[in-house]
Structure formats: structure tokens, C-alpha cells
Amino acid sequence: MESLLYSILGVLVSLILAFTVGMTYMGLSRKITARIQNRIGPPFYQNFIDAMKLYSKSTGIHHGVMHHLGPAFIMVTSVMSLMIIPILNDSAFFTNMNFHGDLIFLLYIMTFGPLGMALGAGQTGNPNSAIGVTRGLSQMVGFEIPWVMAIIALMIRYDTSSIVDIMNIQADAGRWIMFSSPFTFIAALLAMLGMFRYSPFDIVGAPTELASGPMSENGGKYLFTMMSSSSIFAFAKLTLYVNLFMGGADNLLVLIIKTFALYMVPLLYGTVSPRYRTEQAVRYFWGWPSFFGLLAILYAVFF
Amino acid sequence: MKENKVKLAKYLKEHFPAIIEKDYNYNRIDFSINRELVPSVLRLLKEESGYIHLSHISCVDWLEEEEFELVFIIWSPVDKIKILIHTRIDRNNPVMDNIDKIWRQANTYEREIKEMYGIEFTGLEAADEFLLEDWNGMPPMRRDFDTAAYASNKYYNRPGREDAMDVREEIARHSGEEIPDFAKKYSR
Amino acid sequence: MNSIVIIFLIFLAGAVLTYIGQRLSNILGSSLFLLTIFAATAQFYLRVNTGDIFSFSLNGLEMEWGITPISWLFSLIVLGLGSMAAVYSISAMKAKERLGYFYFNFIMGIFSMMGILLSRDLVSFFIFWEIMTWSSYMIVIYEGRSVQKVGIKYFLFSAIGAYAMLMAIVIIYSQVHSVLIEDLVYSFSSFTLAYKIWLPILLLTGFGVKAGMMPLHVWAPGAYSHSPMAYSSLFSGALSKMGVYGMVLVFSMLITQIPEHLLIREVIAWLGALTAAIGTLWAIAQDDAKKLLAYSSVAQLGYIITGVAVGTELAMLAAIFLAVLHALFKGTLFMVVGAIEKQTGTTNLTEVTGLIRKMPWTFIAALMSIIALAGIPPLGGFVGKWMLYEALIASDHYILVVLIFFASTAGFLYCYKFLFGFFLGQEEKEWAHVKEAPATMVVPMLIFSVLLFVLGTFPGLLLKPIDIGMQELGYAASEGHYWTMSVLFNEYGNAIMLQPILYAIIAIFLFFLVFLTAKAFKGTRYVSTKDISSSGEVPGEFENLSFKENFFQPFLRAVEPVMKRQIDWYYTLVGNGMEALFNFVRRVYTGNGQTYAIYAIVFLVILLLLKSNLFG
Amino acid sequence: MREKATTLYIGPQHPGITGNMMIRLKVEGDTIVKAITEVGYLHRSFEKLAERRNWLQAFTLMCRFCVPEPDPVEETYSRAVELLEGRSVPDRAKFLRVLVLELARISSQLLWYGGQGASLGLYTIGQWSVGDRNYILDLFEELTGARVYHMYIWPGGVRRDMPEGFEKRVLKTMDYLEGRLDEYEALMFDNAIFKKRTQGIAIIDKEKAIEWGVVGPPLRGCGIKSDIRIDDPYEVYEHLDFEIPVYEGGDIWARALVRRDEIRQSIRIVRQVIKEMPGGSYYNKVPNPQKWTIQKGDAYARTEAVRGEIGFYVVSDGSNHPRRAHMRGAAYVHGITLLEDILKGANVADVSSIMNSLGTCPPEIER
Amino acid sequence: MINDKNSQKIVDHIHNFARKHSLWVLAYGTGCGAIEIPPTMTSRYDAERLGVRGAATPRQADLLLITGYLTTKTLKRVIRVYEQMQDPKYVIGFGSCTINGGMYYDSYNTINALDRYLPVDVYINGCMPRPEAVIAGFTKLQELITAGKADGAAKYKEKLEWYRKNQKNVIPNWTMPEYNW
């Protein structure tokens, strides 16, 4: 019982941590983008204000029960993936529920949210939303291929499907998988570009094409939930990548440095790239990233 | 330039004896003709003489003369001459032949002229409304349509629009602000 | 009298009585129909024990009926889905014509499937197999001449399968001089290599046709989608599983006895994975819900075939688990389509829209099945998929995993298309009159949804019987090694604990549900789907705001090279035009039930003649 | 009965629209099967209002015809009135006009950079170019007193002379811009994704371009060398040395290349104008506007604006106000019939990009 | 949830703080003022540092900029868009045209006083208002929000009939779908 309480507390703390860090990263990303664009940009805490504003909207509308629940589905994905990703190496407090899940479970729980969001967006009856959803799902099929290849390569190479084990292996070897399995890392990194949905893969909510796609009808509290969810999810994904490829982190500071460094990749790539069309994006992921994924599998099988 | 214009005028005279020519300086030449012949003149100029670019179609309301004047301005990138073809149509029965088979872009002009002046273009295929929505009065570009009266009847006019009224104090009173000093010293 | 024979008698008598009863009155027919199926089900589960054997000899041919754990497991699918589909079809088929015909063939279908499961010799297996083909064929052409082409396609492929099977049986008899399966298994190792290769291939062709394995799946989309939906759920859910059942037997009994380097496993596994991928892609391209589900069934059976073909313990476990689940969710989905067809009169995803508020229970059933189908935790589909992946990775089929994973992810697309098409989107005036389907239709679906939910967290409930069945087939016990009641393990020893996951998901979901709904957190209100932010414009009366046409066009454009040609095209190429082939077949075969019956009888006669004259 | 294709509204309230207009798209999948433009959201009826103003008052209305590029409209109106009256313009005014026109061209093309970039999701270039555009607006502000609506070129010349040291600042700005242009081009035209998104999209072939009356950069992007500055020269363009960029292809990419090169050419012109600027008066004074009457007649003046040809047909009935001042906008042709035609069969994702590349400008269409 | 008056005040204060520093502008360029929006948003003037950023659809937006004259055709769309926005919402009128018709006072197609049809919180005068003026308008709106005076939306609901009467006066064909507020 005590351990349950302890882990629930841990979950809550890591939630708050993820929310804070994720939001700050997004704020920083706006700031950094602004600096690249010769601007001052909003303060780094701007996203907190935005979230607060969205929450403080005094009215909100929904177009039906699935639309209403859509954000909750997304939240389930974010929180669940955060919960099964250990935050720190060997930390009793931040293990969350990592022993309950493995990589393939993670792959699947990560698709729970998009489907929920798709259902929510679908019920709005806004054609922009529907088109955005079709784009998002298509893109997901695209980037999941290199991503799953990378995960399979990891599983083959290290004979485990547990994130904790992979972290321990890196700690024991004293070498990041990023360097010991470079192809795997490249495939996963390229897949990550799609996962983060920054340019050139921001085809889902592309404003100049679809207003804001699936989010067209969401305002106020719904947008707040989705915003928090995406920041938690962003942090979870970054932590996952750090855990898998960059040796995890021993303390929060290291974690933040590593995740931030990783976060810069999609962000900086995004600021200088136009957007792909959907089929181009899908084909892109089935091109070089999947090729690297294949190399990663071959490398894992034969070396 | 000059000889080209003379040649052109001669050529058109051959085909359309009724055409009236008026020469301007530089690269402009005007022709007037009755409305039935306009499409054939345009087609001839486009297909035979290289006047491939329709630059403009305009309409002028000569209320006093009970006529509309339609002006077609075409241009040849080879001759570098612009031709204005004028035609007058009866204001009470405004009908004109549609030329959007000759130039596709004429469609837009004709739609606008139809809406703004109420001139019917025979065989024009386009939606009825172009710029105006749910307009059911007199076509607004006609000279006898009084836009000022219409506007003052229909729309609320904020007091203070009358000429040369200083509204700054009123605005300041309304918004509860002080008039800054620099603003005070300017006056009309 | 033997309890197995009693079951068969119940079925046969019930079929005839129902047919006659339906002639007399609707109610009598329907109640006899239900009574037959429930009586047989009850008889089976209450009175029949594993180990009951009924053996007899026909014209000197030893035959045996009996029940093994693995066939008991598949009987769960047949009788469970069969009884639910029967309940469902009472309302679904209301006011349709020729109900007696339908009921008769329905019962005969279940009867034949039970027969297949209970047969322990090849001849009765084949006979029941033919009865199954025949009865399902009769239902495929239930709707009359419009579906004749589909029917003939089904017939043609079934015939190919049957001939292959028959040839295999003849070979076996010539070698073993017995048609009992156990004799075959016992003496298989003494066969020559050529027989060792050809026998499984012939048998797998026969089973592959029913399981819809590429490239023999061509008949499946048409047949699944053109039979009445009440039967389609059985057709896709249970009937196709007979192919899987056969494959399980072949792979676990025969192929284990032939050398690995012959790659039969690999080839079939690849065919299965390709079936999954291609079927998924084609499902995405469909606009008709029946067709979509039909292709989806093909794809899902692809996973199962891959699992069976790979044949490691975990793979087999996953495959059979998925087979049962597929019966549950695909059965439900076909029922959902049937319910919608009944209420709206169409199954076209581009026409129907916004039913969620009209048919909420149906929606819940559909949502649950879709989540299970897509393999998203915490529902049952995830368990099956997870085990399949782990099995494939553990048995070094890396590219297969990617292919299967691709099919599974791309599966989200058609899953979403199905849900969006029917239930979400604009609520249009033309569907304002639609009401929820009658309770007898909704309840079976909901029962299955609950089962899917339970199996997602407590897969042990189902894995236990599978384990027992697999032990019978010679596999080691896997309980505790790969699974316990609600924990799954992979080869590496990593565990997934399903219970905490479920509770966590429910907790998170409820928390945000409350957050989004409660007044204290600034409640929200409902506005109609007509009041959407359409760029400030007011949509015109006839303007369509539902995005339905070419739903996944960008994705399909990305996979265009693969989908340029249907498999049919190649058949057409081979047969110098499938149309011509059909015409030829149509001349030989007039298209009504009697000729098929004659054909089946001729088969039987040939078989018996062969027996006595050739090998006697 | 409900239509089969889905209706998708692009505009009037839409981030991807290039102005306050609406395109009703009928889409199947992401292919557009039909596009119906609807305009009129900005119809203020300038021409009607101009009939109620005197010749000079009307001029203040005219510059508001097209928001991104008011100067060519002022220029065209002024020149039409001058042609009508036979009023001459001092040489210095002509040079100043060319200076303003070319600066306006640069400023408008920089805005286009932003629009084209943003329509394809490349927001950085818009931030850079629209930010740098402010330097040009600063020059305008110094010269004319206003950022957007300059009301500088008016009948009889220009409204003001250059301030002290203005030339230097213009040249400095041009130097700065030229350096920045390299960066823009590296960001946009060297980008593989940009190429993928623009090459082969929305192709207009030569015959169609002529048939449909395409003008300006879209026409030059089809490989047709046509520019009013050379064909029907006005002000001092015939004395200036510059090139007309022409590219084959007729797709968005070719049009983008044309615009890219046009900025460079404009900078070249500005430098020449500054160098060759004559002295003297900048304005031939018109009479008291209330009493300024123009003899009966009509005149037509054409200008190569940024988006293409604009023309003013001015008619006088001998009074102190125009009988008719009818403008032909450059986007008048692209914006409706051609856009509808090109969008048919295009991808939903490309709508905004196509509109930007054609330079659709609703206020010009609707007036 | 919180009934106590003082804590309500604190909550309001926090909400107002968030609202004023996060103004999402609806992407709707209704008139020629739209040309000064890109400079306002981009590098030199950079309104994003004040928390002003674009929003693609009315559901997400807080602030509606009426950038200049409104024709009746646009007014109809603006009303629809405004009513689709979620409370609290603000309107800024841009340029002389929204105040008194500006130079189009005698046009048959443009309205002359925006606040008869929509509740305007802040007017920015000028033709065009420069980006500095626009930013000044934003800061003014922020001040009003802090003071709790930017209650245009509440006024609109209160005086809906009056607004509706005015709107229907100028919009000839009132075909709006039914809203539930």
C-alpha cells in the first residue's frame, strides 16, 4: 500500500515536471524561433500564460460526446507514456510504472491519443478537421515504420524490450547507443521529426491549408487540455529518446540538458523548412529513414 | 507607329465601312462602331492583326444622352499600339454581345458591368452576383443612383462628420483621457 | 446414443424443422431456429467431454468423431459467435424474404463447422467441409442474381481448395490406407520427401482458400460483403477460422515433421504478412463498409496465418488468441454494419454520416471493436498483437514484424474511416429519422464488446484453454512462461502487467472526463455540427460538409505503386479474362443451389468409388 | 440532395487566403474538383465615390485600390489624368516617380516572399523579408510622410522633393537588402522541399496565358517576355538599363524565380535613378482643385505594377470631377477565372501557394 | 468552486493577467488595415512579445481585429465569426473607417460606425494605423482587461436585440444558422 502511494506520488511529481518542462520547452521554442527570425519573441513562460488564458475562457463549446472526450483520450496517451518511461536512471522515485510496459506497448499506447483526437476531431463535422485527421493518420503510418525498425533493432541487439534494461546496458557499457548503434539512432531521429510535427511535417494543422486542422473547433478548455497534453507528451518522447539513445540521465539537470539538445533538432530543422505535402511526407519516411532502419536491423543481426 | 496606325485604320475600314476612326498622339487609336459589329471587329483584330491582349473593358454612363458607352481596350505586343473601341448602347434597353468566347477574361469584366450598370450580355454564363450581395435596387454605378443619399439613409452616421468639427474633446471625454499638450496646439 | 451424434441430429432435425416451421409462421421459424442453436450449444457444452469418441465404419472406411482441446477451443468461436449471430439475425433479417432458406443454411453452416471440428478423420472432415462451403455459398447467393458473379468466384476458389484437399486425401489414403488423422500424423515421417512437401501444400491450399490467404483471398471481399450481415459476422468470424483450424493442425502436426530448410513456414508466413499488408491497403481504399470489413478480415487473417506459420509457441498462442478475438470484433463489426444497414438502408460510408447521437450503443460496440481491431491497449487486440510481435522478433522474423506492423498501423486508417464514416461528422437532415437498432441486435454486440474489454486485461481466461489445446498438439505448457492471468511475458523475460495499465488508463481518463465535464471546471455546452467555423461563411443548404470522398487519397497516392493492380488482375491475365472464365463456369454451373448439391454428392461418390476401386 | 464533393471554404476568414475573398472548394480527397471564387467582401465602390469627388480628391481614394502596392495605382491615375489634360511633368518628378515605383515593387515583392513562404509553411522567410521591408517603408516615410498610403505621385508631378541626404540612405538600404536577398534565396530557392512543393504545380502554358489574358510575373513565368515598362514605356523607363526576367515552365517555381530576379532588377533601377536624378522642379502646379476642370475626353494609362498590368480609363465630361475613373487591376484576371481554372484538379494543400504565386489581390478585383 | 469573494477577486485577477498577456488574434483581414498586420507581427515590431499571436479559427481566438472599412457582405461574416468566438472576446476597430466611415462615408456598401453592429473595445485611429499605433491599441486593450472594462462581449449579450436590429437593418438577407449562446 505504501509503495502504491509512493508511486502515485512519483507519478504526480513527474506529471508536474513534464508539464512544466514541456511547456517551458515550447515557450523556449517560440523564443528561439523568434531569435532566428530576427525577433525578440515572447517570454519563455508565454505558454503558461496561454494555457492559463485558455483555461480561463468562460465559455466553451463541443459538438458531441466524442469531441468532448477527445482531449481526454489524448491525455491518456501522454500520461500513460510518461508513466511507463522512467525519468531518471536508477531513481526509485521517478520509476513510475516502467516495469509494466515495454517498447512495443509504448508504440501502441502512443497511438491511442491520435485515434482519440481523430475521433474528437471527426465529430466536429468540420471538413478541415477531417482532412487534417486523414493527413495525421497517414503521416503516422509513415513515421512509425522507421521508428518500429529502430525499436526492433534495439530489441534484437540488446535482447530486451524494457527501457530500463536498455538504460542499464548503456550505463554498464559506458557508451551511448547513439554511438554504438548509429543507424538505429538516425532512423529513430528521423522518425522523431515526424513525431514532433514541426515543419516540414506540420501537415496536420497546417494553418495556411486547413485553418488548424483537427483543432479547428477546439477552444478554451479543450485547447488547454490538448496543449498540456502535447507538452507532457513532448517531454515523454524526449525522455524516451534520451533513455534509449543517450544513456538516460542521472539527475534532472542532465535530463533537461539532454532533452533540450535533442529538442533542438526538430525545432531548428523546422524553422528553415517548408512543409511537405502528405504523400511526400509519407514517402520521405519510407525512403531514407526506413533505409537506415533496415541498416539498423541488419547491423543488429550481424554485429 | 504612325504608318502602322494608318494601315490598321485602312484595314478596318475595308472590313467595316461604318467604323469611325480617331487618331491620338503616340500609340493610341480609337474606333467607334455600332454594338452589333463589336465582336467581329475584336475577333478580326485578335486573330488577324495580332491584338491578342484585351487590356480593359469599361463602361461610361452618359445619363444626359440616355446612352451607355462601352470601351474595349486592346493591345498588340507586336505593333505596340493600343486600340480603344467605343460603342454606344441604348440606356433604356441595355444589351450587348458577350465576347468571353474571344477573351476568357472578358467574362469577369462583363459580370461586373452587368451588375454595376445592369447591361445584359447575351449568353454570358456566370453567377448572378459578383461584388454585391443581395442587392435589389438600381445598379449602383448608374449616374442616377445617389450613393450619398443611400448611405445616409441606410447606415448610421456618427455625428462629427460634418466638416471641420473638432471632435478631439468629445473623444477625450468619452474615453476619459486627457488631451496631450502636443495635440492641443494643432488646430484646423 | 453418443452425445456427438445427438448434437448432429439436433442440428439436422433443427434445420429441417426450422425450414418447415418458417413456412408455417415467422415466429415459429425464428423460435425453432434459436432453439436449435441454443439446444445444440447447450448439448455441446453440458454433455460433451473431451475424449468422447464416436467411431464407425462406412464401406469399410474407418471414421471417427471426437473432440480434442483444440477443437473445443474453436467450437467456442463457432458456437459463441453462432448463437449470438443467431440472436442478432432474428431482428436483422426481419421482413426479409426466404427466411426459411436462410435459417436452414445458417444452421447447416454451424452444423458443418462443428462437424469439421469434431471430425477426426479426413473423409468426414472433407464432407463437412463441403457442406460448409455449400451452405455458405447458398447464403452468399441469398440476395439473388445480382451477386451471382461473387458467388461464382467463391465457388470457383472453394472448388480449387476442395480439389486440392481431395487430392491430398487420396494421396494420404494411398499411402496410409486409413483416413484417420492420427494415423496420418503417426506415419507421416515415413513418407517420401516429395509427398512430405506436396501434402502440406495441397492441404494448405485447401485451408488457405477458406482463410483467405493471399493469393487465394480474391473471393473473400465479395463473399463477405454480399451475404446478409448477420451471416457475414459468422462467415468472417467463424467460417474463415476453419481454414485457420486446418492450418493449425497442418503446421503443428505435419510441418513439424519436415525439414526446416524447405521454407514452407517462411513462405506461408510471408504470404500471411503480405495478405495482411495488401488487405489493409485495399481496405483503406474501400468506400463501402462491408467491403472495408471484408478486406479487413482478409488482412486480420493474414496476421493469424503468419502466426500459425511461424509456429513457435508464442506465435501459435498469439495466432489462436487473435483468431478468437477476430471472431469477436469482426463479428461485432459486421453486426454493426448490419444494424446500420437495417436502420439507414445503406452501408456506403460516404453517404451515412453522424449517427453517433442516433445510435449510441451501436457506436460503443463499434468503438470497442475498432480499438480491439487496431490493437490499442487496454482492449484484447493489443494482447494478441503484442504476442505476435514478440513471437516474430524472438523467432528472427524481423522484416515480417515490420510488414505486420505496417499493416497494423495502416489499419488505423480504415478503422478511423469506418468510425468516422458512420458515426462522426456532420449530422445531416436525411438521417435525422434514424433510431437505435432493436435490443436483440445491440445486446450481442455489447456482449462481445464486454468480452473484448475483459480479455484485454485478463487474457489468461482465454489463453488457458488455448494452452491446453496447444499442449495437445505437442507444445510445451506456456502458462507462467509467457503469460499468467493478466501478465504477459516475452522471450526476453520482460513483462507487461495489464491490470495496473488498465487501472491507470481508467483513472487518467476519468480524471480528465471530470475535468472536461464538471461545472466546477467551467462547463461546456453542446452546439450542433452545423455551427462550425467554416471560414465565416454560412454553408448552403445542399453543400456537403462531410468529408467522405477519397478519404485517404494522399496516403493511397503514397502507396499507389503497390495498389495499381488488384490481385484479380493477375488472375484475369492468367485465365485470359476472368470474365471469360466466369462465363465458362456459368455455363457448366447454372448458379443455383441444387447444382452445388449435385456437385458435392458427385464428389462423395467419386471419393467412395476411389476408395473401393483404386485402393480397395 | 446533398452534393457528393465536400465543400471546403478557403476564406474569407482563413489564414491561407491572400485577402478578404472566398474560394468555395469542392474537394474529393485532397483533390479539388471545382473551385468557385466569391469576391465582393471589399467592394467599396471607389469608382462611384470618385465620381463625387473632384480630380484631386479622387486621387486620395485611388491609392487605396490595392493595399500592398498603392504607388502604381497613384501613378496610373495621375498619368491618365495628365494624358487627359495634356499636362506635362517635370523630369525630376518622373525620376522620383520611378524611384517610388521601384521601391514599391521591392516592398511588395518582399511581402510576397512572406506570403509564398508562409503558404508553404516556411515562416522564417516571411519574418525576415517583412521585417526588412520596414526599411523600405522607412524610406517612404521619409520621402512621403506615410508608410503605406503615400499619396505621393499626383497629377502634375510628385508631392514633395527628396529630403537632404535621402539618396545616400536609399543606396545604403539597397546595399543592405542586396545582402539579405542572398540569404532569402539560400533559404527558399536552395531548399529541396520548396522545390518539391512548387515545381510542376499550377502550370500555365503559353497559349493558355495569352488566351486567358495573364499578365505580370505569371506571364513572364510562362516564358513570354512582356513588360509594360519596355513594351509601352512610361516615365523614364526607356532610358534606364534593366532586364526583364523570363523563365520557362509556367509553374509556381518559375513565377517565384521571376519575382526573385525582379527584386534585383528593381534595386538596379533604383541605383540608376538615384545616379541620374536631374535637378529642377518636381511639380507642375495644378489649379485650385475645386476649380480645376479638365476638357471633355478620355484617356487610358497603363503601368506595370508588381502583379502585372494595371490600367486606368479616365473620362472627363468637362467638369471638375471625373465622369468615370475605371481601374483595371492586375489580379482582376488572375483572381477569378484563371484561379478557378487552375485550382481545378489541384491539391488542397496548394491553394494558398497558388494564390500567392498568382498574386491574387481581392481589393484590386473588387475596388 | 470558490465562493469566497476575496478569493474570487484573486482568481479574477489571475485570469485577467493571463487574458491580457495572451491575446490570440483571429486571422481575418477584413480591410486594408490587414497590410499593417504582417509588419506588426514580424521582426521589427514583433507583437508576439506582448503575447499577441495569430489564431486560425474563431474557436481559438480572443481578439477580432476589424482592420478597416466593413462592407455589408463582410459584416455578415464578421458577425458570424464574432459569435463563434468564445468568451471573453474583444474587438479592436482599426482605422478611421471603422469609427465613422472614413473616406468611404458616402459609399453604398460600407457601414460607417462599427460599434452599432459589434461591441468595440478599442478603436485605433489613423489611415492606416501604423504598427506602433496597433501595438498601442493592444496595450490599451490590455489596460482595459486589467481594469475589467473590456466587457464588450457581455455588453453584446446584454444588448443583443439592439445589435441584432442594427445588423438586420443593413444586412438585406439574414440567413444565419441558429446559435445557442
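Each chain gets a letter, A, B, C, D and E, in the order it is written, and its residues are counted from 1.
Basically, a contact is a pair of C-beta atoms (placed from the backbone, for glycine too) under 8 Å apart; a residue touches a chain by one contact, two chains touch by 3 or more.
Given the structure is predicted, the values throughout are model-derived calculations rather than measurements.
Contact with both subunit A and subunit B is made by D, E. Put simply, the chain farthest from subunit B by mean CA position is C.
Here the chain at the heart of the structure, going by C-alpha means, is A. When every pair of chains is scored by its C-beta contact pairs, the maximum goes to A-C.
Greatest Cα centroid separation from subunit D: this falls to C.
Taking the mean of the C-alpha atoms as each chain's centre, subunit A and subunit C sit 36 Å apart. Look at where the CA atoms of subunit B average out and do the same for subunit C: the two points lie 71 Å apart. Subunit C and subunit E have Cα centroids separated by 58 Å.
Among all residues of subunit E, those that touch two or more other chains are 27-28, 42-43, 54, 56-59, 73, 77, 81, 106-110. Listed for subunit D are residues 6-8, 12-15, 27, 30, 40, 43, 45, 48-49, 52, 127-128, 131, each touching two or more other chains.
Counting partner chains per residue, subunit C shows two or more touched chains at residues 521, 525, 527-528, 530, 533-537, 545-547, 551-554.
Pairwise chain contacts present here: A-C, A-D, A-E, B-D, B-E, C-D, C-E, D-E [touch as defined].
Residue ranges on subunit E touching subunit D, taken from their complex, read 26-32, 34-36, 38-39, 42-45, 54, 56-58, 69, 71, 73-74, 77, 81, 103-104, 106-110, 127-128, 130. On the side of subunit B, the complex with subunit E involves touching residues 132-136, 140, 145, 147-148, 150-152, 154-158, 160-161.
Every residue of subunit C that touches subunit D in the complex is listed here, in rising order: 350, 428, 430, 533-537, 539-540, 542-554. Interface of subunit E with subunit B (complex): residues 72-73, 76, 99-101, 105-113, 116, 166, 169-173.
By the touch criterion given at the top, residues 30, 34, 37-43, 46, 49-50, 52-61, 205, 207, 211-212, 215-220, 223 of subunit A touch subunit E in their complex.
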